[in-house]
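What follows is a pair of complexes built around chain A, which joins chain B in one and chain C in the other.
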Partner chain A sequence: MAHHIEGSRNSCALHGALQVIEAIEGAVPVIHSTAGCGAQHFLGVNRLNAGSDSFGGPPVASSNISEKHVVFGGSSRLREQLKNTVKIVEGDLYFIVTGCSTEMVGDDIPAMNKEGRDQDFQVIYANTPGFRGDVHQGYQLAVKALIEQLPTLGKAVPPKVEGLVNILGIIPHQDPFWAGNLEELGRLLEGIGLKANLLFGYDQGVSAWQKLPDAALNVVLSVWGEAPALLLEERYNTPWLALEGLPVGSAAGAFLRQVTERLQLDAHRTELFIESEEKRLNRYLASLADTYYRAGFQREFALIGESAQVVGVSEFLTRTLGLLPRTLIITDNPPEESREALILRLTTLLEGAGTELFFSEDHGEITDLVRNSGAEVVLGSALEEGVAAELGAAFLQLSFPLSDRVVLNRSYAGYRGAATLLEELGSAILSHSYQSRRILQESY
Partner chain B sequence: MTLLKARASLTREKQLEALNAWQGSALSAVTEFSDGELVKRIRTFSQSTEDDTLYALRLLAGIRNSVTVIHAPRGCAAAGLFHQVTRGQGRWIVTNLDDRDTIMGADRKLRKAVQELYHRYKPEVIFILSSPVVAINNDDIQSVVEELHEELEVDIIPFYVTGFASHHAVTGYDIASHALLKYLGGKGGEPDERVNLLAVGEHPEDRNEAKRLLTALGLELNILPDGASPDTFRSAASARLSLALDQDSGNYLGVTLREVYGVAYLPASRPIGIKATGRWLTEVGRALGLTEAASRLHEEESERAGRALGDFTLEGVRVYLGLSSANAFALSSLIEELGGEVMGITVNRLDQLHKERLDELSLRHPALQIHVADGQPFEEANIVKRLSPDLYLGDSNHIAQIGRLGIPVLSLEESPFLGYNGVITLARRITAALRNRSFGEALAHTPLSYKDAWFRRTPNWHIKKEVR
Partner chain C sequence: MSKKHGKHIAIYGKGGIGKSTTTSNISAALAEAGYRVIQIGCDPKSDSTTILRGGNDLPTVLDTLREKSKVKIEDVSAVGFGGVLCIEAGGPVPGVGCAGRGINAAVELLQELRLFEEYKPDFVLYDVLGDVVCGGFAVPIRDGIADRAFVVTSSDFMAIFAANNLFKAINKYAPSGGARLGGVIANSIQAPYAQSLIDDFTQQTGTSVVGYVPRSFTVSQSELYGQTVIEAVPKSEQADVYRNLARFIDENEDSVIPKPLNGPELKRWARTWGDRIFEVESGVVHNMESI
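After this line comes the complex of A and B, so read on.
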């Protein structure tokens, strides 16, 4: 039985599905639910991501069912809404997603979808009521629908691309840096001669999803990408490589080596590429050294975020930047069977550091854990800002939800992401030291 | 007390014959409202928009020393995250109803959530917000409220929002106001000299501006529901007068305080612009026997504001307004006062409360086009594209779409505009919007995703009379 949650940051399945659809160019969501479902998503997700919304506002087509539909069923309203959405909104793919109320009423969505198909609408559907899970399940439901239903639409198939790699497991908006992270991973894969299929973001349309079966490899960047990868393996025999976390800094080099080995690419070329990337990062580290020592970067940190982010960022901060992992809190509720591996990996990052790992999405509980950690640096979401201030710790907002940051294509993945992280964490530590000092001085 | 006997207020449709889908001239709007029974209209295409659960949550988030239990599947709490993160308001939990709960009911879960939240934060009051799932299942919130009220000795207030019973999100304000007064009202002491300032979802600076002016008249204020504590609701019943800053959102509170507790209600006009603020002060002065002080204050303030405005004018500027109803009517007067021309307006609702303003408007501009829609940017974009105004003023959260039409746009969603200080801020922002149009021009390179065919249709194409 699902437990109540204070200050939940994982929203619901419908919202997760909307995040998928809105990040695909030319895909148009059609919500079949009460009017507020789309508005909740806009306020509680899009707006807490620096408003990075593709359409510009909360104008999602939505059947906005009223009392009579609750009593007598809302299928006819969906029929009408779908027909008119196709007439009004430009799109390559219309995607029906449902909310709790229409699922409880029992509207027959597959039948309505089929009716749309009979009229040659490019339409697919997913049942995504919020009582069925959070954004992560919503992501999986929407991606599953895309994998299974797109090939049945009879669209012209784009030409096959050699050396294509699909990137799975990054959930748009739930990872606030999704667009930049995907671009950087694409750049890295291109650096070793591959072509990345990013699937979300700029210039990633429905045709990118049609190319899913063509990939030589699926790269899975979080536990949430595993179900889609398994489905693709089952349907198309595509092998997959799971990372559990975002590769940040040198971990990106290790990732590229793994891909090279799996696809038997030119190892020499890969090494040359990694070498040049490493050299640049090392140069950045060297130029940071004076500030690093002067401001005392070597501090105990608490990190709160989704599993992929916590793995990637904590490894980089510990293994390259010399910080001490104190308390790590994973907020995306990874399935039980994947927790053991995460615990093993993250509590042994640094010998003697006494790193503690927790799984929680409860704001009250997380606040207590951070408070008790005594960390000197807190990296988390806007929800942790208060407790960071209580601790007198330096603070960086890097996980969902964000309140005072604008993120367009900034990345925390790969080599470029490592440099960005250095800039931002460094700035947070410096401004914190400066403020603390000024307050002390003024109190004389 | 009869008004508060019901467990929730009526919907705006039933209270005030509210319309949410309509388009026509100001004159025909007047006819519509004076011709007896209104014909209900619906949309055959619609876009997501706020509902009563969102409005109720917004109101509750602003109340101090409270915690809210959102009795719903997890996504219904998303807006709670927004209020918490962007405004530092509201502590809430969601009962996180799952598949099983939707079949079996979830009273036990609710009980446990309330208990835990109470023990953790010891709030003065606990709110329980219903949701579509709970409304459909008809879960028994009431008995949980009664049992736990006894057990925990704390006020527990249920809010019966549904998400589907009304097309008007403002019904959520009414439901919230109803329950707050039902459970907290009337427990105050002796009648006193205080004035209830009814402020619902106002910008904090606007609230301060109203407070500044009314305090200057020597009034002692009881401000609610924005920023109020449970005690404020208790003492509201013994105030001498209630004054709504915005009739649309404050009406239910004002009328209920009058009907149930005999507190006089002054549904004053909205203080937007120098003249209207003067009129507002006059109305307040007249109601409280402070006519002279009010007119002195207006003299001083209008002189100061006039100096600050300098030679600001909207001469030759054609403006479109996409605003909540009370703001739209008040701003249309202001635009004209400043020399501008109002080309058309979109309001989120028309109801009996707007009759007088409609009459005034239709006398001045019988042909002015009025569009009634809450959050239907596809229709608004169609209208605005046809009219091609010089400036668009809006307070909705879909304003970025209008911006993509390439015209100067000004959002009032997070900007103060009430009173004398408000008009100064507004003039500055309008000047900025008109002086530098580069951002809008850049946005116009990313056109809206509506088909050309839609822009060739009449904007009200999808508004139909409901077949019963």
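After this line comes the complex of A and C, so read on.
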């Protein structure tokens, strides 16, 4: 039965596609839809990503169609908009994405795209009406378009790189730490002698996407990366490795060992690298030990986020840091078959701890679940701030939407990301203890 | 919705079944009887009112809206036979845009322009294209527009199928204030079984036939002259057929919510008629019926 969703943190497919395009240097989105689609993307997504925003915010090229384009068709408006955009915004790639109204009308986007090509515009397109799904499907649709259409543009192919690994499944902005997480994963892969193709963020332009077919391996960090990996396997026979979650702390070591085995790399070299990373993280953990016991870090926590984050962060907090998972809420609405895998994966973590695992994107339901969990630490999005305060729990924002920090290249993945998570969770707990003590003192 | 001016009637039916001819002749007959009539063609082909205005050009509402930011009623209307005010909603060229939204936009614009308040019609006839394929084509029968809908059908199965679809739409919208069915206009009656087939369909669906329009050479000839039968051959029998229809619409306010047949029911019903027609054509005699 249909039910309403209150305060969803999952925007629509068009926005997912825009998030992909805006994270590629030199790629210019052209929206073919009503004016609100671009404005909503700015207000509902970009504005909530302090510091990891694409420059310029709202002025995304958009055909801003009106009633006459709905009645008579809006293809000619798109033609005009594409021409104007190419004149005004310099780019390596123009990417047409569509909204609901133009898809309902059935505007012929491939034909307009072809016209653009005939004028030597570097243009590709994806049909991304919001009704095709949420931000995650939008990511998949845009990535699919890039995989299928970039090779047909006739661009000069960049030189082949040996030992290249593509990183798939991280959705810019939907993971607030996407840029930092990609950088850290890249650093780890380079530590074992590989070259990571991050695809999004600093210095990741269209040429990074042209290198997709050259990779020796595709690493898939969430269920959302599986469809692109399958497509690349079908087209280029590239093997892929699915992780279901971000590798945080020691899980990064296990990840590097898996990659080493798959690509038959020098295991000794990998072990040396892991050892040096582990040593450093252990040193941090040791220096935290005193505070850990004094402030009572071993608390029950509720974690609300996308599946990849929930898997990675909860495993690290439970296994390495000894916190107790009370309630885990996965918000990215993964498909049924992936849910089973996630439940299986998290069951070993949950056994004996009385942990409950939920799938929900409904703010009201999530709030109730967190409220009833009685958690002492809440890790979630800005939307969970209220319920964390109600519970009197320590609170750390780590999933979309994020409102209280600037994020440039902060990461919660890998070894360095684990250290950052320790710092920030530790700070949240300390500050919470300090505030609680002060309130206690003032009340006497 | 402000107070309604006049009786608003929507006329539906499968494409090519003779809706526009029937509607225009009813408009002409109503005008002849002294009423103020507006006929609004709701079809991108924009040829609903052609035979009321001698085939002259008439810019459509939507074309005018596309070219001008401000549209006046005078720009998009023409006075046809007997003073009937003719308007064509218009729409996109085939294969482009959304004709359904077009009808919606055109009807909204006519309301905004206070057409009915200004012109004060006794009758407004909406001639709506083909099948009710999506929400846009159901606009005239939704709350606040037409009070009654009539469906034009022949005895062809696909025409009956389209009529049944309209019944479904009426069934959906009528409870929330949408139009109810005034009745079925049986058109192009020629085959010997046609009348009983349509009668049977109306019985099955809780509706009734309001008039039988025989297939007629007079209609085709008048159309070729760009005129209604009422105008071209006013003394013909066919003109009286349309006058009777107009009188019925004027004098009879009865309406029903039809009970459409579902897919399998409609197919079963059609098959029984297939069998019957076969038997008639091949002269099968049942149970000493001929004795």
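Note that in this section the second predicted complex is superposed on the first by the 437 of 444 C-alpha atoms of A that agree within 3 Å, B and C clash if a C-alpha of one lies under 4 Å from a C-alpha of the other, contacts with A are read in each partner's own complex, and residues count from 1 in each chain.
Convention: contacts are C-beta pairs under 8 Å (C-beta built on N, C-alpha and C of every residue); 3 or more make two chains touch, one makes a residue touch a chain.
Small disclaimer: the values here were computed from a predicted structure and weren't measured.
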Which of chain B and chain C A:87 touches, first, second, both or neither: first
More chain A residues in contact [chain B versus chain C]: B
First, second, both or neither for A:70, with chain B first and chain C second: both
Partner chain(s) touched by A:105 [first = chain B, second = chain C, both, neither]: both
Which superposed partner A:62 touches (first chain B, second chain C, both, neither): first
Which of chain B and chain C A:40 touches, first, second, both or neither: first
Set intersection of chain A contacts, chain C complex versus chain B complex: 67, 69-70, 104-105
Chain A to chain C touching residues, read off their complex: 67-75, 104-106
Chain A contact footprint on chain C (complex, rising order): 62, 65-66, 91-93, 96-99, 101-102, 105
List of chain B residues in touch with chain A within their complex: 43-54, 69, 72-82, 84-86, 91-102, 109, 112-113, 116-117, 120, 132-133, 136-137, 162-165, 167, 169, 375, 377-378, 397-401, 403-404, 448-451, 453-454, 462
Chain B-facing residues of chain A, complex: 1-15, 28, 31, 33-45, 47-48, 51, 53, 55-67, 69-70, 80-81, 84-85, 87-91, 99-101, 104-105, 129-132, 134, 364, 382-383, 401, 403
